[in-house]
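Chain nomenclature is as follows: A, B, C and D, assigned in order of appearance, with residue numbering initiated at 1 for each chain independently.
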Amino acid sequence: MIFLDQIFVNSKKAILNLASAFLPTDAILIVSALISIGAIAAFGPFTMMYLTWFERKLVGRIQNRIGPNRVGIFGLLQPIADGIKMLTKEDIVPAGADKVVHFLAPVVVVIPALLVFSVVPFGRNMVAIDLNIGLLFFLAVSAMTTIAIFMGSWASRNKFSLLGGMRTVAQLVSYEVPMVLAAVPAILASGSLSTVDIVEAQGGWNGLKWFVFTPWGFVGFLMFYLCGVAECNRTPFDIPEAESEIVAGFHTEYSGMKFALWYMAEFMSVFTISALTATLYLGGYQGPWLPSWAWFMIKTYALVFVMMWFRGTLPRLRVDQMMGLAWKFLLPLTLINILVTGLWYFTSGLGLRLGLSIGILLVSSWVLVLFNRPYMPEKRVYEFAE
Amino acid sequence: MLPILAKLFIYGVLFLSLVAALGVVLLPNIFHAALCLVGTLLGIAALYLALQAEFIAVVQVLLYVGAVMTLVIFAIMLTHRIGDMTIPQTNKQSLPACLALFAFVVLIGGLLLKTDWSILVGTGGSVASVNPPVDTFMLGKALLGEYVFPFEVVSVILIAGLIGAIVVARKD
Amino acid sequence: MLIPLEHILIFSTLLFAIGVYGVLVRRNVVGILISIELILNSVNVNLIAFSRSNALDPVMGQVFAIFVITLAAVGATVGLAIVLALYRIKRTVYTDEINLLKW
Amino acid sequence: MFGVLRGMGITFKNFVASYFLPRKPNSLETGGMVTLQYPEERLPEKERFRNFPFLIYDTKPDDLRCVACDICAKECPPKCIYIVRDNDEQGRPLKKPKVFDIDFTVCMNCGICEEACPFDAIFMDHEFEVGGPERQQSLVYHMDQLLKPATHFAKIRPTDHVAIEEKRRKEAEKKRAAAQAQPKPPEAKPPQA
């Protein structure tokens, strides 16, 4: 099992030994970095392509239709067909747009999506860079997508994309705060910001001591995942690119390869958000029997499945509901969750711990739900109509 | 061979940041100026990474690029009128400002290059010896240990600023 | 320290000079606020450079840098709130058109 | 909150069940997989489905029912029918069109020509896969392309075919009866002219 577990790491070491025969030692460092970068640069777009296929098949099956199955055996070549279509489509730039920013926006949106891969621990010692501020790096880099999306919407000089841009900034900023706070319990429990340490901290009970099995971990997992869904503008929160209301939101004026870049950024952030949620709360690559990277892939793709399952089921939130949920429900609940994590670590005895934390969490979420009663105008009384 | 590459990279980043800073000041289109500022901030964050101050680099990207620049862009969007392109963006006092600042830079630059920084530390060597890099653990302990009072005062200022901004910008 | 201290200090002086030039020359209030951000950043560069070159207690340098960042954020928030209120009343953002103390 | 979970449960059941549902081609009733592999599997067209018109002839392409009365050309809203009456050797007009063109790029399949035609000569076809390399020339159908046998009509529209044959047979008998009833009056008039 160890052999299978470390298969990628050993293969990289083998390549390095091979290269060290004729390269000076400095060059070895560069070669090893290049191998990791190459792996990520290949894995990123590849997983994006097959996530689009996976999503179309899944949402199709939910709606009693089969989904793409004509290109290739089970429609497996459909992403390649989409890619070619995107490449050959004419790239229209609106006359009023300011060219530089219009061209720059898709590039700037893909950079953070790819940067985040460097921090994700794919398997035991299979992380590109083990930054000791890994998680913070992820949050900082995903904050840059707000600027990129806004550049795209402002530069295309189009009412709909400007509307989309305004909604995106409102949504991303207001969901970033609860996201950071939802990640804090995992940091408290593992005592370090580095993603690898967080996963190692969930290693007990031969790989099953995940944070999600503790009450605060479960709440933190739900919060982080919900904010993650909002961060990449996915279904219950896809107000910025709502096809029915504002044509296509911020990427209305993009076609051809630029639109493909927007699409790639969105799907890569779907993957990285699920990967991070799995790392933080579902014990990243920790698991009893299978090799570490297999566990990581199973958990991540399970979370991606749930995100796409949302897309097949849930209707879109109104803007005020979306903002209300972020500020009036998620934020207070994550703060209380941090309090409960602290309590969890400073009280001894399982019964007291469980009772206390579950009690606080249930009461607080019930009170918050009470406070957030949606405003229902009272029914109008028609004196003369009856 | 690696340190030379790293030096080249850092000097390149510094030069690009200066060019972006000039862009912030000189570009007529205010939105492009804001984007150049984002470029400068990222360049400075790269400089912090070179100085092994990772936490500050990440906080800078998270706070400045994530929050402050979003705010600035919102303000630009709400106050931008299409007619703004034609109005000259700089007032008449650019020449005196240039001269004064040039004198300032020459003065301070000369001062910087002349002083021998090793005096500060009292040890020999041309370059001041180096402190160990500060990792987030030490920073956290300091923020809540030795500097807990300024930490609380800053949070009070933040709340005051928040409420002040809401009251000022509210449309009553 | 990959690069000598002087070069970083010169870089921050230049940044400071550009920021001050921006404040003096720009007519658009948001432009002035952006230049102030530039000045604050140059101060931060100095702080971090000195905190690394043991002229300063390393932790103090970084703690001050954090405080500078947060206060710059507060400054920007309140400044932009004033700009919005100003724009709503006077419909203009240009400093030389705002020359009455009371209107 | 629990409404969301119930909704998710339904879609998940739907997703899992979709692998066990029978694949019925025309599965318009609920439950079956609705996907139809178009070129291979096709939904049978409804009888009254109408697409581009066609001219009908009984036995040979020459004795077509159309008498070039030009009513359908006048009635056609987008004016996409063009008829030229045929003349015999002495130049007298014949009851047959020499040229009968329909421009398929203009025709909007409304079926008004079919209703307007008093001689049941033009009907709407079921054949919709019509294409051409150029924009106009190949899509202006001439008479020879439009002519189709009555058997084709019977195949695609059985009930209409029976009704029309019934009507035509009754008319033929009425005309034959009228012809036998008063063969004399026409000879009486010519001597005075």
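Methods note: a contact is a pair of C-beta atoms (placed from the backbone, for glycine too) under 8 Å apart; a residue touches a chain by one contact, two chains touch by 3 or more.
Owing to the predicted nature of the structure, the values given are computational and were not obtained by experimental measurement.
Here A-B and B-C are compared, and the pair linked by more C-beta contacts is B-C.
Using the mean of the Cα atoms as each chain's centre, the chain most removed from subunit C is D. For the pair subunit A and subunit B, the distance between mean C-alpha positions equals 29 Å.
Our note on geometry: subunit C versus subunit D, Cα centroid distance of 78 Å, whole angstroms. Computed from the mean C-alpha positions, the centre of subunit B lies at a distance of 7 Å from the centre of subunit C. Chain geometry summary: the mean Cα position of subunit B and that of subunit D are 77 Å apart. For subunit B, the set of residues touching two or more other chains reads 55, 59, 67, 74. Listed for subunit A are no residues, as none touches two or more other chains. Touching two or more other chains at once is no residue of subunit C. Contact topology of the protein chains: linear, an open path with no closing contact.
For subunit C in complex with subunit B, the residues that touch the partner chain are 1-11, 13-15, 17-22, 24-28, 30-31, 33-35, 37-38, 41, 44-45, 48-49, 51-55, 58-63, 65-67, 69-78, 80-85, 87-88, 93-96.
Subunit D meets subunit A in the complex at residues 1, 4, 7-8, 10-12, 14-15, 18-19, 21, 31-35, 37.
Residues 1-2, 29, 31-32, 35, 38, 54-55, 58-59, 61-62, 65-67, 69-70, 73-74, 77, 135-136 of subunit B are the ones that touch subunit A when the two sit in their complex.
Within the complex formed with subunit C, the residues of subunit B that make contact are 3, 6-7, 10-11, 14, 17-18, 21-22, 24-25, 30, 33-34, 37, 40-41, 44, 47-48, 50-53, 55-56, 59-60, 63-64, 67-68, 71-72, 74-76, 78-79, 84, 87-91, 93-94, 97-98, 101, 104-105, 108-109, 112-113, 117, 120-121, 126-134, 138-139, 142-143, 146-147, 150, 154, 157-158, 161-162, 164-166, 168-169, 171.
Note for the complex: subunit A touches subunit B at residues 24, 26-27, 29-30, 98, 100-101, 104, 131-133, 136-137, 139-141, 143-144, 146-147, 150-151, 154, 162, 166, 169, 173, 176, 193.
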